[in-house]
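Below you'll find the structures, each written out as structure tokens.
Shared chain: chain A. Partners: chain B in the first complex, chain C in the second.
This part shows the complex of A and B:
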């Protein structure tokens, strides 16, 4: 029974991590660099949702939408004006530029909101016990929201013209350009969607805990691990990776002290990369 | 707390530009004496650091207004340790090598202090800290370190008395991975055993996780009747929420820094119900405490503000006593003004006047008597217990 509870806990936390992990992988698929500024966009989303939920007294779902939109818009602007000029200098420069950007944005949030912990205006509920397993209603809701967001994203990528253009560009930028797909537009769109997902993920994490300016930075390494394990650049891969890392961290408790939990995510990276250097699902964008 | 952070940035920028403007600073007597402040303005300690900074600055401003020390003004050089050992070591090196400060005041987390201390003693810089891990004063620091916080042993002993006093027999310790984790558990267990109780489970978790439900399950397997939550604020909030969700309604004890009122305000009242907190008590009856309250313009400075007040005061008085602004002078002279048979003084300005009049002094601090053992620990202190009722901290007792 304990094993099932651990697996359930892992799936729950993995699904939440999958939301920003998809964003990280999407940016890599299209723009070909790991955008660590995802961390600060998670924070920005979490705080945008906080303003909507606590200051403006909006319900949770519209607040999540606000988190998505604000983080998405900031994502487009920061990419357009800060990271885009870096891209000519190559992958490493852009990735390091994104670390600098994330620290700057995180401190901007800190400047406005300060350092203290904040919580959303959300009643707390006791766990449900189903067949001997404990499930938190909040986590279940978060899970459904995360699944809905992922469903929408995949529908967008497969069934809309713009979505297909994005996939085409990720697959072969040269060919896509020849076919008349505007590279700049695709870059802006992917930044918007990916950072929007980051913002949504930041708020989802915060719903169950508390938020402070470090909310994104604390989870970025695990998210990075998830994306790499699944295959950086593959969106389903990001989901698989996040679930694996989530479940793996929980199952490690069977044999290891909880203090070593994070090590599992990184051991997973080492193992996967040794056996499959391009991640479990490989670096395909869809 | 944007205020102090902004001020820190401005001061740091001003200090940086001053260095840039004069690559070869002259050492004239009229130059201000620089005092290093390295405290968490961000990270888990970000709630306490800015307030400690404010308390130190208030003492320094008061002394500057009264004419400074050794004919020189005092100036702080502020760095953020980010509650992160790696960032803290970098900042400490900058303070020591670039700013040439004789003292660094303000490290908070035990892991940070353990990392910064060797950098300090190697470069003969004096360090003042609130970190509680026993191991810190056992480092070979040659006297270059004092702490105003009681050791984990003193604290755990007091907490165990408190818990046993409630008639609890089986205590589960659930705490964050930190240098104090193991020693706290061992001291708790040792004292509880003398009272017919014991520690039945000890789970150490990792920081920054969004949930600790599996860790809680692990601790609950030993069927405890009391929980000792040994974490910092961000993770303790998660643990409290997870306990509530899992329908576990045991009484629990936290360090007061883990659940300050501001943090309690972020969680529903039913989640924090049944939480007791303890903290080393400032000497709330003492004269130095009242002076600190007036200086800071607040009704009741907490233990950290009181300790920060004491560092600044002790350092200033020692500089005056030693007539020299070096780390070595600080380590050799601090006990000459902090303890002994001299005239009792309760503030830096008062002490400076007494020293100027050629008297011996004994500084009595806002946090306690500030008498230090050979290895830099305080000799004793009081503890203050609170209970959370309806989401508010309510005073219980001072022991």
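This part shows the complex of A and C:
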């Protein structure tokens, strides 16, 4: 029974991890770089949600929306003014720039909120027990929110003109430009959506535990693992990867201490890069 | 005060060793290492554990630290050598973080987060604290000089030429019949050994190492050193390390002077200043104070456009 409980926990945490992992993969697909600044945008989202939920006493769902919007806006601004000029200078410059950016933003949050652990204002509810499996109502709610966000994203990408333009641009930037798709607009849009998802994911993770300025950086390894396992640049891949890594992390509890959970992500990265570098659903090996 | 200045000097030397190592990996071969702090930690832990627990001579411990760091470098580079550079970035970062997690949690290796204390220093007891610090400064400066000349030789050797060719265009290097993968792995291993050496020397100086010393911020400090001095230039790497340590130490004094800041806020301002400095230099002064200078080949026309966007 314990195994099933762990698998259930893993599927639930994996669904939440999928939200920022999709953001990471989307940026990689469209802007063609790994954005380590995802970590600080998760932190920014988590704290934007905290301000809305605890200081302004908003309910959880509007607070999550605030987390998405604030992180998305910061994402557009930081990409436009800081990361975009780096992209022209090559991937090492961009990667280092995005690490420096993430530490800068994280410390901006630390300056305002300090280092202490903070929790959201949540009603205390009893866990539900269904057929021997234990689930907290909050976890279930987070799961539904994460699924709804992903559903909206995929609907946007497949059924709207703008979404299709973004996919076209990811597929072939040159051809997309010839057809009149504005590259700058697509870059801004993908930064907004991806970093918004990062912020949303940061708050969802925080709803389950607590938040501090390192909330993003602590889960970044797991998120990279999800994106790499699924295939960098593939959005459905990010979801599959996140579920696998989530379940793997939980199952590792059978043999390892809880502290090793994020090291499982690293093992998964090494395994995938050795056996199948393009990941499970990745279209090409880069 | 003198004690403090000597300690800063040793720190600057350790940073210079790391900057020289990164100069080979990043400046010459064009490879990324976002987890250099992990290789630094490998050197520090291997040497510290061997000398402390097995009583191995310090020189042997330091050598073992270097070799282990180099082997880890080979492994990390080998896994990602044929993939886009982003994967090496992810794997190096992941390696450093995973190592920190393991060292924080496994008490039996090196006391977990409590860290390893009482690491022996060469002739520490005989010399007394004052002379020991000066003696150690001399050792570190000697190590920097030796590594400086090694890297300098490497830059002008055929090996260094191939590395730069790979950095500027690895397809052309491959077409010219060079085993690009082997060169990349060798460069990464050489640089990792230098990082391991820096870590081992650091541990024997402070006599104490703990996982939280190996935070990702150190990686930024070394990148900042290299960029300030001039990527690809060994003199620049050493100069940059000295300047960055000076800058870091002065922010330590300046941040508390801003009135009305708590200790956490002062630390946050300091880290913010450092990361913003890195962003600004990366953006506007990426060639550094002493830009890379390579003797042009005899046949090249004078005034040929230098490759600018090679970082």
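Worth a mention:
In this section, the second predicted complex is superposed on the first by the 275 of 286 C-alpha atoms of A that agree within 3 Å, B and C clash if a C-alpha of one lies under 4 Å from a C-alpha of the other, contacts with A are read in each partner's own complex, and residues count from 1 in each chain.
We take it that a contact is a pair of C-beta atoms (placed from the backbone, for glycine too) under 8 Å apart; a residue touches a chain by one contact, two chains touch by 3 or more.
Worth saying up front: this structure is predicted, and the values here are computed from it rather than measured.
Model built by superposing both complexes on chain A: chain B and chain C clash. Of the two partner chains placed by superposition, only chain B is touched by A:212; chain C is not.
Legend: residue contacts after superposition of the two complexes on their common chain; A:134 is shown touching chain B, with no touch to chain C. Of the two partner chains, neither chain B nor chain C is touched by A:30. Contact with chain B, but none with chain C, is seen for A:13 once the two complexes are overlaid on the shared chain. When the two complexes are overlaid on their common chain A, residue A:2 makes contact with chain B while staying clear of chain C.
In the superposition on chain A, contact of A:262 is made with both chain B and chain C. By the touch criterion stated above, A:123 is placed in contact with chain B alone, chain C being left untouched. Legend: residue contacts after superposition of the two complexes on their common chain; A:149 is shown touching neither chain B nor chain C.
Contacts of A:232 after superposition on the shared chain: chain C is touched, whereas chain B is not.
Clashing C-alpha atoms with chain C after superposition occur in a single stretch of chain B, namely 80-88 (options considered: 62-70, 80-88 or 296-304). Looking at chain A, you'll find residues 110-111, 114-115, 257, 259-260, 262 touch chain B in one structure and chain C in the other.
Here chain C touches chain A in the complex through residues 26, 30, 32, 34, 79-80, 82-87, 89-91, 93-95, 97-98, 101-102, 104-105, 216-217, 219-220, 223, 262, 264-265, 267-269, 271-272, 274-276, 278-279, 282-283, 286, 309-311, going by the rule given at the top. Listing the residues of chain A that touch chain C in their complex gives 28, 33-34, 36, 82, 85-86, 88-93, 95-97, 99-101, 103-104, 107-108, 110-111, 114-115, 217, 221, 224-225, 228, 232, 257, 259-260, 262-263, 265-266, 269-270, 273-274, 277, 285-286.
Chain contact summary for the complex, chain A toward chain B: residues 2, 5-6, 9, 12-13, 16, 110-119, 123-127, 134, 136, 138-139, 205, 208-210, 212-214, 218-219, 250, 253, 257-262. Contacts from chain B toward chain A in the complex involve residues 1-2, 5-6, 41-43, 46-47, 50, 177, 203-206, 208-215, 217-218, 233-234, 237-238, 241, 244-247, 262-263, 266-268, 270-271.
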